[in-house]
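Here the chain labels run A, B, C, D, E and F in written order, and each chain numbers its own residues starting at 1.
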Amino acid sequence: MTEKIGLFTGSFDPVTNGHLDIIARASKLFDKLYVGIFDNPNKNYLFSLSERTQLLQEDLDKFGNVELLVHQPELTVRIAAEKHVTALVRAVRTASDFDYEANMIYFNREMTGVETVLLVAQPELAMISSSRVRELSGFKQDVSRFVPANVNKSLEEKFGRN
Amino acid sequence: MTEKIGLFTGSFDPVTNGHLDIIARASKLFDKLYVGIFDNPNKNYLFSLSERTQLLQEDLDKFGNVELLVHQPELTVRIAAEKHVTALVRAVRTASDFDYEANMIYFNREMTGVETVLLVAQPELAMISSSRVRELSGFKQDVSRFVPANVNKSLEEKFGRN
Amino acid sequence: MTEKIGLFTGSFDPVTNGHLDIIARASKLFDKLYVGIFDNPNKNYLFSLSERTQLLQEDLDKFGNVELLVHQPELTVRIAAEKHVTALVRAVRTASDFDYEANMIYFNREMTGVETVLLVAQPELAMISSSRVRELSGFKQDVSRFVPANVNKSLEEKFGRN
Amino acid sequence: MTEKIGLFTGSFDPVTNGHLDIIARASKLFDKLYVGIFDNPNKNYLFSLSERTQLLQEDLDKFGNVELLVHQPELTVRIAAEKHVTALVRAVRTASDFDYEANMIYFNREMTGVETVLLVAQPELAMISSSRVRELSGFKQDVSRFVPANVNKSLEEKFGRN
Amino acid sequence: MTEKIGLFTGSFDPVTNGHLDIIARASKLFDKLYVGIFDNPNKNYLFSLSERTQLLQEDLDKFGNVELLVHQPELTVRIAAEKHVTALVRAVRTASDFDYEANMIYFNREMTGVETVLLVAQPELAMISSSRVRELSGFKQDVSRFVPANVNKSLEEKFGRN
Amino acid sequence: MTEKIGLFTGSFDPVTNGHLDIIARASKLFDKLYVGIFDNPNKNYLFSLSERTQLLQEDLDKFGNVELLVHQPELTVRIAAEKHVTALVRAVRTASDFDYEANMIYFNREMTGVETVLLVAQPELAMISSSRVRELSGFKQDVSRFVPANVNKSLEEKFGRN
């Protein structure tokens, strides 16, 4: 049996319970799962790369077969080739996400032959996104249902909480 | 490493190149892939169960890790539990398929905890379905681009060809 | 202030937690809410009209301003006119429901001028439908998370439970 | 009977016939309807806040139970809580609007418990948006079918008309 | 210049203002437009083939370059080849129609190389369908806004009118 | 027979095989087809107007009835009126494109009465867009399957190729 290797990438600014659910589920599909965190020097993040890396690493510690990768925003498919990845993992939340994902999947396969599997977000987590978390935190709203405890604490330190 | 096992089910009335592409791709994702062929005695099929089984088996012979299962139309999730399946595999062709699939995935997980991965059909295969193949064959049209050679031959014997 | 009156209709074969959530929410929007249960003599129901009426009535007792109506499958808009309804209430679960609802709303307004408000199902209830409940119960699956206790008991009596 | 209070918010840059149709319909659903006009100092509007307020107020005068609110771009839900709002009102034009609205509705309810009702735009008004009106006016096109007379006059003064 | 020939087909049970708008628009796109009316002996129509043909012919008389074709429910593409058709014409009303149409277009082209153009229904006509007209007429509702005068008269004779 | 004239417009930054397929198909629908290339001085293009014009002209030479128009980013409908255009041609790739196109079509007709026909992109070309081509070229990927030879050469000169 060849080792089955997955790769799930994102900005994780910040990591949410939605991301962690996909990671937990993907970690059971593959023998090894890489989680790739992008850094794009031209983009404005709420959390710096080192903050995002630390928060995500803390939340990944409980998974035995998950390894965090930090990389420049190259084409994901290059990382996939280098790490002998069996399939990329993408989360899809609504039908309106689908056409975008299908397009990415097509070009990733055309460029390098890499496979992609879609995992459908659980209904109670499908509404959450990092951008919504940032927006609500900016209004000092309680987002503790949507993010892991360490992220919640960091957001509270940045913005305060009503 | 636990063995990773997939299950892809359908009526396969008849099997198309679209099905075979999904099976080929899924066979690389898992250590072992089951392909489940349903028989519902209350349903009218173009091909009998034994015809469908024979046609599909011929096309699966080239895959080293794919095994055909024939079963009554029970809940797929029961077969999944019995065979220690890691994940069900579903093909999705268009955004309009998505909400239906998301609903099935939800109930399959709620009932038994089984995971489902979606594979997006390749653009040139996304248009093909068994029902379209049956309809076009009924009009004696050439469907040889859409089905494997053995299915094409069986359709020609049933309907003739212009 | 004119009395604000709502009307929510369905087959309720059987009533689900999804229906009851919409009814609870709509009962707060209107001074009075009618819940209309259809009977179409040409249609096959799992539960008879008197069973459906009894189950639904039991679940509506806790609402102070909700009244059950039983009627032949006439155009809903006629009931609406007769009862001086301010607006019909419809639940919508996914984007793929939307175009169908928009069409119904258009013709209901064109025919009689009646208004319709859409309530979006909560994510954790959006997956539930009466047809899925009937199908799962037919496979003796536990549907107690999806229906009120009295419906669950009735389904268990009809089908048994694994 | 508790008073039923609605809240419909927007930038109204400028108010269109589509907005006014939703306001007219919502004013019949509720005993009182607030219309909230946002001002975001960081955003570029075609019409200033005082222009937008004046234009909208002129068009709301004919409604007996509609009151205009001007506010900073806080979370709408805070205004809703302060004004004891029964439900937010949102217009939805196409299926592609739906997932976005469903997401907003979810978070508004999660944050504060506020309800939201969707009204489907009438087909002949569903195409209109403030941004399209601004774009067409910029090309000196006649938009008098799409906006109230006072807005049409203001647009003509700003841009001229072919 | 080669003659440009279009073909628009349907059951026309009965023809609606929506169909007639598409026919009027398509008649300007092509030098000649065929309108094909299907007869499927296995299908239940409200109007017989001769009734549908007569009603449609009356409404097509005003178009100088439109010719009615009556035919068995063969593949439309065969008629298209026989009549040297430049393109099939299809009406599309909503995004949810699109994937179905795209599939039909694909197979029509694959089978015979025939082109298809889509015309988007006007908003105020996009809600109308023959099936909705039949349903509303069955409830004795006034459908005179949705169908030509001769169809309205025939529906009234069949069903009466409230 | 009046001359049937089509107009297909875009930025063509750069022209892709998807554009050329639509142009080839549209050139058969009309006696004459104009292809309009926009220049918006406020927009950042990868290729200058003269580069885009030259590349596109080279690829249009083989069509006997296609003429290239270069123009400022006025409303397309003005060009259409000036050139006595029978219909605008738009390509549509997915259901998620549809609502946007339907809106544009509506306003173009409302403003000037001009008709629009939609051509559905072929499945194997539906994934391609100029923006994806620019993005992939920026990563030095081989895009020769997606663009004509002259564009491929120009992209290679700009970016190099892995």
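Here is the rule we use: a contact is a pair of C-beta atoms (placed from the backbone, for glycine too) under 8 Å apart; a residue touches a chain by one contact, two chains touch by 3 or more.
Note that the structure is predicted; figures quoted are calculated from it, not measured.
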### Query
Tell me, which chains sit next to both chain D and chain E?
C, F
#### Entry: Chains touching both chain B and chain E
C, F
### Query
Any idea if chain D and chain F meet via the same residues, over half in common, or different ones?
different
### Query
Among the chains, which is located farthest from chain B on the basis of C-alpha centroids?
D
### Winner on C-beta contact pairs when A-C is weighed against B-C
B-C
### Distance-maximising chain from chain F - centres being C-alpha averages
C
### Query
If you average the CA atoms of chain A and of chain D, how far apart do the two points sit, in angstrom?
36
### Query
Where the centres are mean C-alpha positions, what is the separation of chain E from chain F, in Å?
31
### Inter-centroid spacing, chain F versus chain C (mean Cα positions, whole Å)
49
### Task
Could you list which residues of chain D touch at least two other chains?
94-96, 99, 102, 106, 123, 127
## Note on the structure
Per the touch criterion, the pairs are A-B, A-C, A-D, A-F, B-C, B-E, B-F, C-D, C-E, D-E, D-F, E-F
### Message
Applying the document's contact rule, which stretches of chain B touch chain E when the two form their complex?
### Response
94-96, 127, 132, 136, 139, 141-142, 145
#### Entry: In the complex with chain B, residue positions of chain F that touch it
94-96, 123-124, 126-127
### Query
What residues of chain A sit close enough to touch chain F in their complex?
74-75, 96, 99, 102-103, 106-107, 110-111
### Query
Within the complex, which stretch of chain A touches chain B?
1, 3-4, 25, 28-31, 86-87, 92, 94-96, 98-99, 101-102, 105-106, 109, 115-120, 122-123
